[in-house]
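This report concerns only the one structure given below.
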Amino acid sequence: MRPWLIRHLQVFFYSLGQLWRSPWGTLMSVAVIAISLVLPTALYLALEVVDDLSGQWHSGAEISLFLEPEVSDQAAINLAKKINQRPQVASVDYISATAALEEFRQKSGFGVALDLLDKNPLPGLLRVLPKDNQLSSIQAKAWLLEFSALPEVDQAEYDYAWVQRLQAMVQIGQRLGLIFSILLGGGVVLIIGNTIRLAIFSRRQEIEINKLIGATNGFIRRPFLYSGMQQGALGGLFALAMIYAALSLLAPAVVRLAGTYQSEFTLQIVGWIELLLLPLLGGALGWAGAWLAVGRHLREIEPG
Amino acid sequence: MRPWLIRHLQVFFYSLGQLWRSPWGTLMSVAVIAISLVLPTALYLALEVVDDLSGQWHSGAEISLFLEPEVSDQAAINLAKKINQRPQVASVDYISATAALEEFRQKSGFGVALDLLDKNPLPGLLRVLPKDNQLSSIQAKAWLLEFSALPEVDQAEYDYAWVQRLQAMVQIGQRLGLIFSILLGGGVVLIIGNTIRLAIFSRRQEIEINKLIGATNGFIRRPFLYSGMQQGALGGLFALAMIYAALSLLAPAVVRLAGTYQSEFTLQIVGWIELLLLPLLGGALGWAGAWLAVGRHLREIEPG
Amino acid sequence: MIRFSEVYKRYPGGGDALKNVGFRLATGEMAFLTGHSGAGKSTLLKLITAIERPTRGQVWIGQENISKIAHRKVPFLRRRIGIIFQDHKLLHDRTVFDNVALPLVVAGLRHQDIRRRVRAALDKVGLLRKERNYPLQLSGGEQQRVGIARAVVGKPPLLLADEPTGNLDPSLSLEIMDLFAEFNRVGVAVLIASHDLELIKQLGYRQLVLSEGELVAGGDSR
Amino acid sequence: MIRFSEVYKRYPGGGDALKNVGFRLATGEMAFLTGHSGAGKSTLLKLITAIERPTRGQVWIGQENISKIAHRKVPFLRRRIGIIFQDHKLLHDRTVFDNVALPLVVAGLRHQDIRRRVRAALDKVGLLRKERNYPLQLSGGEQQRVGIARAVVGKPPLLLADEPTGNLDPSLSLEIMDLFAEFNRVGVAVLIASHDLELIKQLGYRQLVLSEGELVAGGDSR
């Protein structure tokens, strides 16, 4: 077992040495791989952030129950508690008529206009947030019917426009995600495969001589596999550094934006442990790309 | 002049033939280049779309003038015309008290609640849209002071929150754009340079022999330059096809989204003529990458 | 050691490079392969190393019929043969030492053994003091000798050489041939393709003569 | 045609490959360059083609001092010299025809001229019927002759050959040498590095003898 291990270590360090001896070429390959790893990762992080933000914004997909004017605060709170016990309900907020007017004033920018009113024209309000973020329109209608039948409730409403918008956005995001993933996943495989392919051609003579001397295909394949893995892993490390730099650049702006939504969202949410997987992923992709390229081209090169 | 031209044409078709003779390698290089061209183009298109959409949304950055209740429709319209003559004002809309209530009802989702009102509590409203989309906060304050001094105006307001949000978004967009452009621009140059670099190494012997036989550096460089250009241009064509496919996939979803904003925006706005520049750009980048790589490595390869 | 029986070789798009060739080379025997340029000498050697396959007939190495040897067995066949090439076939980006060490590395020997045997082989061809040089820093004759050192370093039972003295001056050629003879004396079978008729006559080993792909002398007595 | 004057060549990390070499080769003269392996024959030829630069001394080709020739002038120097290499240096992915045509393509000749002159050169070395083959489909001697055809196709006033008959059988060697003599008769200066002393003696041209980097015979009479 030990000589076997020694031989692998030798090849490992030999191909690392090869990379080191042609620093420019290595740098180029590694940079190309890093860029192709950065992009899908950035996409993944962006989707994670959007997911997170949209979780905070989902309050738009709520059902509003307008209470009859004669319902007291206490009765309203009791009703809220009752509704909250339903399994599909995430939370219920009670907004009294006074609070509603205040929110109204802030939301609409019609502050001055509302001061002109003699009395508060608004009813009390229960905001029901469903657990399922994307309530289907059929479900939503069933709920509306049920809630409006309650004696305390004057009318029940659901913000369809917002839901439609959200769904359309999610749809676009998913399609974009699909397209980008295909492009970039293909890109990584192609780039590493291409690099190894050309490396094989530029070492054609070496391969030929090795075959003549009695090297098995496994022996010839090994340094290419190690080289692909090492380049991929280095690319992953570079990608990690780039993403870290990009996040540092972006963080202040994102925090400022989140501030305007009264949100305490920061980019710290990003999964650092997942990012540490990047070099591993890069190494695995590099190995795979090398394997494909070597498999295709090793057979072609025969001494003549 | 004719033999000179013939020689160039010969090299052009010779290197095209070379590409054709190794279809797999060519396909790989071209696909890699295409992907690296698609991504910046997609970014550019996305920014164009956002710019376009935000132009439609800028109505949020407007100044609202709440009129005194006793101002008649006619007086309000006259005032609107007067304000509209100012050089920095893009447009002025008059929303009568009745219309304001109607808009209110739709925007807020409090439709039922408003039906409970005895009389319309809202004043008439002038919406002033400044020409400069991003009014600085100092300018905005000056305008507010000036407008609120008008006898017809009860109060003037400006949606600061929206402006802040927009500015933060624009800032993030710009930083993202910068980061992506650097990454992808560097990517294209690196990929083409790397491809040509490896091509040079795999044709090392050919270069050596040509030098021995008395070929000038220009002669040796030429096929590589043509090859780089051809690969870049092919990559550009592929990129064009990919973007076309992606747009076809995305278009329905975007139209649906735009629909929820009462917008008639479609993806037709995308500059098709600009897209046709892609193969040209690809060719130019390919030529440049080849030139860099050949310049660096041609001197290294000397017969020994 | 080697047995050819009614071997034909036709390259795609060419005439017959070898026609009805039959001969035996006994274990531990040494012989020369001669013939005009294009007679088929290199082709014959390529059949022995499974670089090319015969179109018809059989080629035996030891107990093995290699006319139809499986691809994955070829490397192990080649490890039992030391080959010296017309054009050296050295790796230009490795030192003389590393070039000679290659067959041992391929065979998976231990580092200390490699070191000892490579230096012994380099010593035999008189290039020990150039072990750290790169092939391009050597003269043509020196490169040829590096190739010979690489062929013998693995102590194969069979040595093939394709014009090993083509680039050497007469005295050095004689030295190299003596080297082959020395290997032969310790039991290595040697087959050398050469056109240096003078030298061959001088040495007096068996001669296999090819002409237009046919074995016209030195073959099986049928 | 060629004039060496007190030329020294030391490779980095090696001894002197050439020491105080001085000789002239007249226009239209033919001579052989001999010496043991490693004597410096190839090095001397490399100095003439500006592949290497002398460490000291001057090398003149015609009226040009090429010890310090500018890089961009080197290609035009090489077009006036036909070079035949020890290891052929053919392009394996081009046909024999394309290989021989290379110097004419480099020089920018017209297509029809190229065709005519390539076929004439191939005819001279007896390989016209192999013009569509690839170098790897040829025997070693045939490849060598392709290299010779490529060297003479441009009708250079000076022909250099580094062991052009190293891989050829004696009769073919003589043929090739006769070919060089023929070129020489029409006014081409020829310098051939070779160790085939037998053949050289037979032909009776001037001999420049190198030993350990020193010109021990046939040089300038000082």
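By letter and in written order, the chains are A, B, C and D; residue numbering begins at 1 in each of them.
We adopt the following convention: contacts are C-beta pairs under 8 Å (C-beta built on N, C-alpha and C of every residue); 3 or more make two chains touch, one makes a residue touch a chain.
These figures come from a predicted structure and were not determined experimentally.
A.B. asks: Can you name the chain that lies farthest from subunit A, using the mean of each chain's Cα atoms as its centre?
C.D. replies: It is D whose centre lies farthest from that of subunit A.
A.B. asks: Taking each chain's centre as its mean C-alpha position, how far apart are subunit A and subunit D in Å?
C.D. replies: The answer is 66 Å.
A.B. asks: Please work out the Cα centroid separation of subunit A and subunit C, and write it as a whole number of Å.
C.D. replies: Using C-alpha averages as centres, the distance is 62 Å.
A.B. asks: Subunit C to subunit D: how many Å between their CA centres?
C.D. replies: About 29 Å separates the centre of subunit C from that of subunit D.
A.B. asks: Residues of subunit B touching 2+ other chains?
C.D. replies: Touching at least two other chains: 304.
A.B. asks: Classify the chain contact graph as line, ring, star, complete or other.
C.D. replies: Graph shape here is a ring: one loop, exactly two partners per chain.
A.B. asks: Chain pairs in touch?
C.D. replies: Touching chain pairs, listed by label, come out as A-B, A-C, B-D, C-D.
A.B. asks: Which residues, counting only subunit A, touch subunit B once they are in their complex?
C.D. replies: Going through subunit A, the ones touching subunit B are 24-25, 28-29, 31-32, 35-36, 38-39, 64, 66, 69, 104, 107-114, 116-117, 121-123, 154-155, 157, 159, 161, 164-165, 168-169, 171-172, 175-176, 179, 183-184, 186-187, 190-191, 193-195, 197-199, 201-202, 204, 242, 246, 249-250, 253-254, 256-257, 260-261, 296.
A.B. asks: Looking at the complex, which residues from subunit D come into contact with subunit C?
C.D. replies: 11, 13-14, 34-39, 41-42, 86-88, 133, 137-142, 162-163, 166-172, 195, 197-198
A.B. asks: Enumerate the contact residues on subunit A facing subunit C in the complex.
C.D. replies: Its residues touching subunit C are 3, 7, 205-206, 208-217, 219, 302-304.
A.B. asks: Okay, in this complex, where on subunit D does subunit B touch?
C.D. replies: Per the touch definition, subunit D meets subunit B at residues 49, 51, 72, 75-79, 83, 85, 89-91, 102-103, 106-108, 110, 150.
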